[in-house]
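Comments concern the structure below.
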Amino acid sequence: MFDWKWEFAWEILPRLVSATGNTLLAAGAGYGIALVLGLALAVAQRTQYRVLTFAVREIVEFVRSTPLLLQIFFVFYVGPQFGIRLSPWTSGMIAIGVHYACYLSEVYRGGIDSVPKGQWEAATALNMTTVQKYRRVIIPQAIPPALSGMGNYLVGIFKDTPMLSVIGVAELIHTANAIGSEHYRFLEPFTMVGIIFLAISLPAAGLIRLFEGRVRLKLGLK
Amino acid sequence: MNIFEFAVQYWPRLAAGTGMTVAQFFLAAILGVAIALVMGLMKLSSSKLLRGTAVTYIEIFRGTSLLVQLYWIFFVLPLFGFSIDKFTAGYVAVGMNIGGYGAELVRGGILSVPKGQWEAALAINMSPAQRMRRIILPQALVNMLPPWGNLMIELLKGTALVSLISVADLMFETKQINGSTFLSAQAFGAALIIYYILARFMVTPFMRWLEAFMARKMGRA
Amino acid sequence: MQDMSGFPLELTGENKPMVSFRKVRKSYGSLTVLDDLDLDVSAGEMVSIIGPSGSGKTTVLRMLMTLEEINGGVIYVDGKPLTHMEKNGVLVPANERYLHSRRSDIGMCFQHFNLFPHMTALENCMEGPVQVLGLSKAEARDRSEELLEMVGMIAKKDQHPSRLSGGQQQRVAIARALAMRPKVMLFDEVTSALDPEVIGEVTNVIRQLVSEHNLTMLMVTHQMGFALDISDRVCFFYGGKIEEQGRPADLFGNPQRERTQQFLSAVKEAV
């Protein structure tokens, strides 16, 4: 490729590598929030409280229908208007965590719905409480069919972390942008960011499939 | 200032931004559907070259971020002599990205058509192109429409990123208003509601209608 | 609101029944499944329920397991109300907390076994005792292994259900229910989903239970021969009511009601 300067690429590599760390951290933390909150949103929609079920359903729809970028801005800028100051990291994690929690809640719901009714009945016959039913019987069976969806969203959240750059989280794109404006060279930093994303997300997709198979095996679900 | 007063005062800019968002959405959708069809068919081709090209395209556009692709097209492509204005760069990036995801839907849709349909088309001596165009694609289209509905919502949300290369869409106008007035809750709140209305009451109903329309046309409803 | 004045807060007396249905009604919308059902089952008694499909026989067991809510009447287990609880001296519909305090008296085996697929046979049996009864793992393991031994499944205790045949799964399910030490055991068409050649291994386990343990049992079955063999009493359900009941030899040998005769001769023809 013409005009590609290896020397420059080599020089900026360390900065991009450390930014990759931030990107992975953001993706991991956001995913952690989404995993837990998503489960709560899924279970909330299965309670007998109509109002709660309806409200959660609408909130999930709303969050899923609006851009994450806008939600990031919303969380970051609206707080200060009411005297709550959130750091870029905190607001970023809240926005991306909630956004993906809504997606994951749908995945969990699908998983929970796939557990046969007889399993709930057998758990009732053993006199389990609702919490015990979910924890011991339903969720262990709901997770395996949900795994591929959960894996897709793990890769998805990773690919969405560049949006955090707009509020100043120093992840990959933010760093590439900074390098670009310092040196007036965008070719190398943006191309390298693209390659880093590919180098992580492609193997990750494969690893997730491998992991999925092992979990199924371990739970005795063939 | 409550959100209604805000909407009254700033509606011209919000409307202009929404118009730009809708324009970006349509152009990106047309490009995305076209790319999805071409790449989806190429991935099923018997030619190694075509298949390889499609796989590479799909993996690159699904494996990296839309934002990275957008910046690359806008900042890096001009270095190779392709100068693109921001408006074009915006919908091209979003369309190419959605095309990568759509290609997999096209491929899945075509594979979901029963083998007997291929054989029946062959039995009346149709050419491969005829088989695909007259027999397989129409059936595949009906099968893949439901996931396309979700993808169209993703596309709409994806257009918000063009604001980051200064295309004056709804996201961009909202940020500008926020920057000059600091009415963050009102500005971002209004934009959230507009996006929600576009998604829930325009894109989704249209896709549902299209599903029903196609199903009727295919004699399935 | 139903008038609960006719229902005692508690059943007392020397010969109080282990299970008592009093004027129990169940309907789905306009469809009445059970119509003012009265049925007493004594401690240690084995009652078989037979009848055509849709006669409400499975519903009887499901209500007793609290899987279905009832629309009228009261069910008592071991003298105390199950479907209702006392509040200020009157019976009101039981809440989940009350049900939880009473449900351990009852165990149930299902037509489709409903073993937990992510647990081994032994883990299935230990689950209730450990999680619900609060037994130590060691205690629960001893109890479960003893029961798996009894149902002839000890050799397969570390297998997951997907590796077991239907008959084997059903035997594990019986052990799982017994591990909770219920006072009343319910068998809901436990052989209906089994291949003919393995039905015997399940019925033999139930036979053994009847002869060696003093459990109160209710069984819904399509196997008339088996019901004849082991029951103390057989109830023939028709249209949401008990059409006829009696000692098995009487009911099968000399049915009084026309519908019973029709049903029994239809069943005989099918065999």
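Miscellaneous remarks
All chains are identified by letter, namely A, B and C, in their written order; residue positions are counted from 1 within each chain.
The rule is simple: a residue touches a chain if its C-beta (ideal position, glycine included) is under 8 Å from a C-beta of that chain, and two chains touch if they have at least 3 such contacts.
Owing to the predicted nature of the structure, the values given are computational and were not obtained by experimental measurement.
Taking the mean of each chain's C-alpha atoms, the chain closest to the overall C-alpha centroid is A. When you average the Cα atoms of each chain and compare centres, the chain farthest from chain A turns out to be C. When C-beta pairs in contact are tallied for each pair of chains, A-B comes out on top.
If you average the CA atoms of chain A and of chain C, the two centres end up 46 Å from each other.
In this assembly, the C-alpha centroid of chain A lies 22 Å from the C-alpha centroid of chain B.
We define each chain's centre as the mean of its Cα atoms; on that basis chain B and chain C are separated by 57 Å. Those residues of chain B that touch chain A in the complex are listed here as 59-60, 63-69, 71-72, 75-76, 79-80, 153, 156-161, 163-164, 171, 174-175, 178, 182-185, 188-189, 191-192, 195-196, 199-200.
Of all residues in chain A, only 2-3, 61-62, 64-71, 73-74, 77-78, 80-82, 159-163, 165-166, 173, 176-177, 180, 186-187, 190-191, 193-194, 197-198, 201-202 touch chain B in the complex they form. By the touch criterion stated above, chain A contacts chain C in their complex at residues 116, 118-119, 121-122, 124-130, 132, 136-137, 140-141, 219-222.
Here chain C touches chain A in the complex through residues 65-67, 96, 100, 103-104, 106-108, 110, 112, 114-120, 127-128, 131-132, 160-163, 176-177, 180, going by the rule given at the top.
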